[in-house]
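Each of the next two complexes has chain A plus one other chain: chain B in the first, chain C in the second.
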Partner chain A sequence: MHPAIHLTLVSLIQQVLVGLGKTTTLFIVSSGLTLVLGVLRIPNISHGALYMVGAFLAYSITRMLGGGAAGFFASLLLAPLAVAFLSLLAERFLLSRLYERDHLMLLLFTFALALIFDDLVKIVWGSGYRSLPLPAMFQGSFSFLGLALPRYSLFLLCVGPLVAIGLWFLINRTKIGKISRAAAVHREMVGAVGINVGWVFAAVFMIGCFLAGLGGALVAPTQSISQGMDASIIIEAFLIVIMGGLGNVWGALLGSLIFGLTDSLGVLILPQFSIVFPYAAVIVVLLLRPSGLLKSAW
Partner chain B sequence: MRKSWAFIVCLGIVFCLRPASCPAAEAAPITIGIVDTYSGPASYYSNDVRDAFLLMVDKINASGGILGRKVQVETRDDKFRVDVGLAEAKELIMREHVNVLMGTINSSLALALADLCRKEKVPFLATMAKSDRLTGADGNRYVFSVNENTAMIGKAAALGLAPRPFNRYWIAGDDYEYGHALAGSLWKNMKKLKPGAVLAGESWWKVGEPDFTPYITAILAAKPDCLIVATGGSDCVSFLKAIKASGLNHKLPIFMHTAADSVKSLGLDGPQGVLCTGTYYTYFPKTAANAQFVAEFEKRYHREPNSGALYGYLAAEFIQKACEKSGGMDTEKFIDALQGLSVESPVGSVTMRAFDHQVVLPMFMGVTKKEPGFKYLVAEDNVTIPGEQLMPSIAEIKQARAKH
Partner chain C sequence: MLKVDGIDTYYGLGHILHSVSLTVKRGEIVCLLGRNGAGKTTTMRSIMGLTPPRRGSILFKGEPILGVKPFRISRKGIGFVPDSREVFADLSIEENLEISERRFEGRVFWDREKAYELFPALKKICSRKAGCLSGGERQMLTIARALATNPDFLLLDEPTEGLAPLVVAMLVEKIAELRSFGLTVLLAEQNQKVALGLSDRAYIIDNGAIRWHGAVGELRENEAVRKKYLLV
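Take a look at the complex of A and B:
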């Protein structure tokens, strides 16, 4: 069996665009993770579980609303909101009591949270596979100059930049963004000038988890929604966050691009060993820049 | 001194007065232990193995048990972990003294259990593990497989695909034991049946791959005649979805084992025209025995059985018939009785091959299609490949065991 190389300009462009579509979900999930990591200083291991909850909720919401395009778009908003609400409860009633404790305690707590959400999913949805169809408008591919681009990849290509711009606006142009950036640098000082740091943390945690839920809702129509889908995404998201620089949202964007593109191009160039490429990229980046590509917030 | 004498006399009286029908005099139940995965995605099949088995056991017990002995079932959740399952199996053997052990969907664990049962001299029925090593290279006297294995699946697929006008194949699958074993067996048999077949390329993704789009565009760029998908579990569902979303089924013939099982969870939105092999469907084979089994299963569990249920059914039938044939639950006699035994089942008469303890199971090759009256896509135009044709030859088994 020999490695087969099928490189043409068309297939290369096509593969890059498809890879960018994949980058979108990776970016959305990892930006939420890095946001929480940067401001709250918590490596939120339950982020993957919340992504899974988001996918399951998207399934139920779309089904409730008839399963069509309207249900799909509603689920893109409602499922992440529900996940954000869940995370708010977890933060207010549990996590907020642990901020004074050791880092290890926080880490263990988010791990416990991941297990709890996992079991919650099992109790509510059972252990079978669930599946959502893509809305008819996103099925099939779009032909353009000899390229066959899956329509859903194109849709993801539009969503990605929207989320990135939204995050940029939130962090740089809103009061809560500025406060959270300040809190990330010096928590006590922000408290001392009379700002309720607890609520800032809660808000940032919610936004981060909203993004996890959004990632889950976006992948819900493209894969089987099942137990265990949290495990692979949390590993990839942490790798991206580490590669980009802890707590740096633009680092997450850069990391997602590297991860998504090496993945999709690897599949084209050396399909037998495609799994290796994104992880090899992580190793190369960390060898060259051990603290990540961009400035770490830690 | 006198007190202790009185005590002994009292004990003696009590002993003599004990009821004549004490439990020891009644026939002890036959205990079956099951170690399988009841949490996580794998439980989709394991639950049906267990539920079909319990359904059969209740029928056996209602008609007076096996040779007057009730059947009792102990189940343990291995959580898809080898260490957990192995500990549970030991507990079942040492403490519960199970007469027969059954399990599991995890092939690594099944191989470990096979080894344990060889040492402990307990018959082990593999119900859902697809590794061909169980009854092939690693086979032993105490292990039986009541389901098809990767060697059989590969051969069935090659038999079904070879007559079709495809020459350049692309193989894509899960980068783990099941995917590679299935693809390896398929390609070996394909080269035997059709020496001119060319492998245009392969791609292997990690288990649980969230996005297949890059793989699909890369495969299309290579323009093979047919795509062979060697994937299992929830990745089957994900890949079928990606096929539908990208319209791949309209551009390329695709083969996937168990596609018709997995396509059910996509409802009517699954991809049509996917070639698939399977061992059991509620709607095929259309026999009275199958219709009756489906009706009984649905009545009790309010859901349709999947292929796991067939293996639960077969396990119960084989245990009952072997016990009756050997006249009790003596392990060695039970094994002798099980060798070469035939039982009736929803897929017809099925035999346990005496040499390697591998069940001879027919397989069906069909194509996914929308059919009126079904809420999901079904495998249509099924061609039955008789079990005898897709079994690895005894010479092959001997060779594999000699190498070992």
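Take a look at the complex of A and C:
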């Protein structure tokens, strides 16, 4: 094989892998957003802030537990759980009182929540940057047939499908999933068959926010953890959700794949304009399918 | 069993029900007749707590249920069949019944299996998505779903509206069968023939107020009332 072609093929495979790693975090975050959007009908603007809280918590938990692999794995579980608990409090004490109100009220309220969580992060962690090293086992690359595959991307590639399968099981096989699917279409009727919709909403909101926290914990060792990381993810997550079809978890998966892969492959084509590619992909998708790729729950 | 006393219900600023009162005794089938837009559906929704009235009182088995949340009203034993035949479209028939099934402490008379016994046609297609059903099948499912909640009182809102005559005849037969199981029914209908054939007593509602009530036999005789309130 011509060395130049070989080089392109190698970088292509590597970039695909990196893109799939990015897809994983995008999918985890946007699936949580779309779940809440589909069932509670709330565009949760504070989702990005909860992702940031998850990243900061992962930083602190990993540090507290010595910074090794054990700390990292513990943070993957504990940080999202803490975020879920925080969201449960917000839902039970504040959000649940607003369901009867106008849609705009809910939207404004989640915006307020985002600001509150932002400030909470500032109070607890200050406004500086934090960074967390990858655990030793995930540093460097894994050589395979002459390819250098980043280990952490491979790890993310295992986590993504696990979360997707877990979500599939939750939505299709558990009672709460079935009730959520019913509530997404006929909320009123769910109450009329004797189901306490309030608690279903609380559970779904908590699961959605758990996913935001998990996304934050997963990216914590790969980028600088800082104020403002919520703004970029919430834009990306909303674009993915819109592209995939509002409220559709599999749409979020498709959207994340498109977004993640165009992002990483764009670097190979036009490195100086690579940031444009995922957004251009969103525009193309919406021009062809204005209501999203898969069936929207709205 | 059910005593609605002077309820006033509003949609936003629109005053829809004006001091509506009605009673249903245990074991009865009572119909609420009226034209389109007369207030039948609003009355049903008011009882179920979906559109809570601003004034008046509603007693169910002697307990006040005005202001109680719909899910609690359902658990007290009121089954609700909405007029729009709203099924959980994204779920299969089986799943529709599964999430509605509610096993109370004490006597469970209705459950999923019992509902299938009443509508064997549903059992055969139980894995089909509710969104892909015909009008008649959807109506069977909404009734089966209400039964799965184990009610002893059923609010049936225009179950025969817009269905083919054969399907209507089948549903009428099933509703009559419900009475033999000890269910009490409040039936809202536009179709006089169906309503009068099934019921013991009738209320006529027009412009949000009850205009007439009495035994079904009396209504059959009273052409003037029927002409005034029910002819389209």
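Here is the rule we go by: the second predicted complex is superposed on the first by the 291 of 298 C-alpha atoms of A that agree within 3 Å, B and C clash if a C-alpha of one lies under 4 Å from a C-alpha of the other, contacts with A are read in each partner's own complex, and residues count from 1 in each chain.
Heads up, the rule we're going with is that a contact is a pair of C-beta atoms (placed from the backbone, for glycine too) under 8 Å apart; a residue touches a chain by one contact, two chains touch by 3 or more.
Values in this document were obtained by computation on a predicted structure and should not be read as measured data.
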Clash or fit (per the criteria above) of chain B with chain C on chain A: fit
Touched partner set for A:Arg181, first chain B, second chain C, both or neither: second
Chain B versus chain C as contact partner of A:Thr23, first or second or both or neither: neither
Partner chain in contact with A:Leu268 - chain B first, chain C second, else both or neither: first
From chain A, separation angle of chain B and chain C (C-alpha centres, steps of 10 degrees): 140
A:Met189 touches, of chain B and chain C: first, second, both or neither? second
Touched partner set for A:Thr110, first chain B, second chain C, both or neither: neither
Dominant toucher of chain A (residue count), chain B or chain C: B
Contacts of A:Gln139 with chain B and chain C, given as first, second, both or neither: first
After fitting on chain A: smallest Cα gap, chain B-chain C, Å: 36
Parts of chain A lying in touch with chain C, wherever the complex brings them together: 175, 178-179, 181-182, 184-186, 188-197
Chain B-touching residues of chain A, taken from the complex the two chains share: 1-4, 6, 8, 10-11, 14-15, 18-19, 21-22, 25, 122, 127-131, 133-134, 138-141, 148, 150, 152-153, 219, 221-224, 226-229, 231-233, 263-264, 267-268, 271-272, 274-275
Of all residues in chain C, those that touch chain A in their complex: 48, 50, 69-71, 74-75, 80, 82, 86-91, 95-96, 98-100, 102, 145-146, 148-149
Sites on chain B touched by chain A in the complex: 39-41, 43-44, 47, 172, 175, 199-206, 208-223, 234-238, 241-242, 244-247, 262, 265-267, 269
